[in-house]
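Okay, so chain A shows up in both of these, paired with chain B first and chain C after.
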Partner chain A sequence: MIRPGLARACTAMLRRDLTLAWRRRGDIAMPVLYALIVTMLFPFALGPEDTLLQRIAGGVILVTVLLSMLLALDVLFSSDIEDGSLEQLVLAPQPLALMLGMKILAHWITTALPLIVATPLLAAMLHLPAAVIPVLLLALLLATPLLSLFGAVLVALTAGTRRSGMLLALMLLPLCVPAVIFAAGAVAAAQQGLPWLAPIVWLAAALVLAVALGPLACAAALRIALDA
Partner chain B sequence: MTVAATATPLLEARALSFHRQDEPVFAPLSFQLTAGELALVEGDNGSGKTTLLRILAGLLHVGGGELLWRGQPMQRDSCAGDILFLGHQLGLKADLTPRENLQIAAGLHGRHPAKTFASVLADIGLRGYEDEPIRRLSAGQKKRAALARLLLLPATLWLLDEPYANLDRVGISLVNRLLETHTAEGGAALVTSHGAVSFHGGEPRHIRMQA
Partner chain C sequence: MSNWIPLWLHKLSSPPTFYRFAGTLLPWMMALALLLGAIGLYGGLVLAPPDYQQGDAYRIIFIHVPSAWMSMFIYGVMGVSAFIALVWRIKLAEVVAMESAPIGAAFTFITLVTGSLWGKPMWGTWWTWDARLTSELVLLFLYLGVIGLYHAFEDRRQGARAAAFLAIIGIINVPIVHYSVTWWNTLHQGSTVDIFGHSKIAWDMLWPLLTVTLATKFYYAASLFRRARTDLLALESGKEWVRQIAQREGKR
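== the complex of A and B ==
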């Protein structure tokens, strides 16, 4: 018999989730469209005044991206629980945390990456200076996986409860406060011409911690969810 | 897979019990299963057949009593990959084809080197449906797509919850044939079923569940 190595199992898992997302590629566009529409509302609500929009642009984009990611988060494990794929995954001779890490990575690629790609467009809509956009993108590249990992742990914890979407939002948003503060801090510092590296490094440190612990917490929570 | 170590049973339960909110789900259960044996789990609706299979698969915690795997207390790491569980939920992705579903299962569990995806799907009766999304298949065909895992993945113990459900007469005899080949090769299987099972590889062991 051929026992698959870790690399092959990880590839199989990643490929499965990316294929599934590709089969339903309409769903990938939804968070991006949502972010575009929300960002578009701000100039309408506040008036097209350049200085005001520039000042709030960084924060608005960060919060919008966060809310857009939240839209797609609650389905992260639910379909796998419903069709029994999760049981099969738990019983596979592979480390569950690593396999869930692959699922979270696939989820980040299909929800957060399109949002990051659309960010320059959002920034242009709010007249954010072009020089600040690289800092904003860097902050998002670090903050969005952090949110995916936080979110995954909470989705795993609320798995099996009814109407978990609302509960998830209430639990996740307070946890996101530090990530939003550091990411927005970096963007604001860059806008004022101040050094912006320190908050970015804090985000990176938090991400390293979340990458190490998030999947383990997910695995434990989902085992408990199946045991109930 | 060899028939070695027949002295120690593959799986042994000693006064196994399980509680849900302090209510026992089934009366303490003791049985042994050696390599090459088939056990039929019998009981009325709600007698805990599915619960028993989920405990044996390691999805539920043992409530009381002992569960031994090859003579050692059963642990997740010692039996991972040696047990194949097929539950009510088939574990198939509806947007993927039978072939893609098998590829994922093989990527996670490994597979018999001699078998190909195409040959396994042909043997299970899904020739011509290999690349059709699962959602477009009938209930019986979905069941067959899930049963294809039995042919492809290497596992000693099969835990099959209602493997005959939704299958036509040809499908039922196919499952019986799978079970006969598996036990003849030194594997073991625990099967829950309401329907009459015809098994030609010797008298199956009966495990009677009482609520």
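== the complex of A and C ==
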């Protein structure tokens, strides 16, 4: 009895969040536009020198994607808190961690996936060699869910506060450092023709850990934040 | 029989008992910190011989290393009391965790500043993106994040619990700071002092270092006690024992 109910609740949660995001399609485009504009600023600021842009392309794209995701993180729970549906979710018989996991998945699909789709374009703007792009995409595919999960825990912690934007950046960016180091390490290794599998495997290991623990931590954090 | 220890700890976690306990211990802790600090610094800055390679510049070690140890030690204390605060919801543990954060942040900041002052003559640069320096910087940001989150809430106890959760998440960084010189090949040197083994440092330099370290520990205790006392008074401002203290202070 419990199992079909749980699966149905998960799909319902996912469908609800995706529908809500689809109704406001303009918001989905915003992080991508932001990433395009930030990437466009680099050639202006550093000069259109091909070798220099090539060298920094991987890191610039990673940081740009990270910052665009940070901007979109704020809204993860805000509308649900305003209309009270988050409290209903906390009270629901289904495990909160699983439901939040679905919410995080929906958020990743609507913010990170468009960014990953746009990444080849960003890479082309900075003249990243075409051979490196698959490695960059793979690194992003592993690093962005990691950021989503970390971010969700911190957003849940700040759920009860007024102004959380800058605070979120202050808390999230230090925790992101390892993800950025490994993702950039993989891209840099691929660019120099070195084996790049090790950092990717590290990222994957971190992601497995975060998928298992992230939703649980997120649920605990949300319970603390809504405990007023 | 032997259950007076848990009983005593239980009693100590009640705010008025801790207030009195910390009040009696505070002057002793502060005096010990000042005394040991003076002895250690005299031994380190005056008595200890100059280094054969670094000359007198190495003497910053007597500030830098104790601060660095404290930056990790205080994070450990904060993490443990944050855990206690979340699991058993003890008010005193929340206070200890939250009042440790600014002290730890200060020690981390001192570590970074003295380290870069030392780095300029020795490595030829103020800053380098080496594993230990970077992880220590991340530690500072974690402290600042905890402080920021604590003050973002209007309800102090709720803020303390949220920040305690963040402190627990961030504790993974402490072993990274500690072992960064072993795991990666870095510009920062490996550890010279080994508490349980043979230290690679002369006794003339070691004893002032250990004395200053003890002094920083006592300073932390004194500072924490004073901050916790103030915080407890504010948190419990509606309670009877605080009213009694206020009346007694008012009569004087």
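What we mean here is this: the second predicted complex is superposed on the first by the 224 of 228 C-alpha atoms of A that agree within 3 Å, B and C clash if a C-alpha of one lies under 4 Å from a C-alpha of the other, contacts with A are read in each partner's own complex, and residues count from 1 in each chain.
The rule we apply is simple: contacts are C-beta pairs under 8 Å (C-beta built on N, C-alpha and C of every residue); 3 or more make two chains touch, one makes a residue touch a chain.
Treat the numbers as computed from the prediction; the structure is a model and nothing was measured.
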item: Which of chain B and chain C A:Asp227 touches, first, second, both or neither; value: both
item: Partner chain in contact with A:Ala190 - chain B first, chain C second, else both or neither; value: neither
item: First, second, both or neither for A:Glu87, with chain B first and chain C second; value: first
item: Partner chain(s) touched by A:Leu173 [first = chain B, second = chain C, both, neither]; value: second
item: Which superposed partner A:Val153 touches (first chain B, second chain C, both, neither); value: second
item: Chain B versus chain C as contact partner of A:Ala217, first or second or both or neither; value: second
item: Chain touching more of chain A, residue-wise (chain B, chain C); value: B
item: Partner chain(s) touched by A:Arg162 [first = chain B, second = chain C, both, neither]; value: second
item: On chain A, the residue positions that both chain B and chain C contact, one per complex; value: 227
item: Residues on chain C engaged by chain A in the complex (per definition of touch); value: 86, 134, 138, 141-142, 144-145, 148-149, 152-153, 155, 158, 161-162, 165-166, 169-170, 173
item: Complex interface listing, chain B residues touching chain A; value: 1, 57-61, 80-81, 83-85, 87-96, 100, 103-113, 133, 154
item: Partner chain B, residues of chain A touching it in the complex; value: 1-4, 8-9, 11-13, 16, 19-20, 23-24, 82-85, 87-94, 99, 226-227
item: Contact footprint of chain C on chain A as seen in their complex; value: 153-154, 157-158, 160-164, 167, 170-171, 173-175, 177, 217, 220-221, 224-225, 227-228
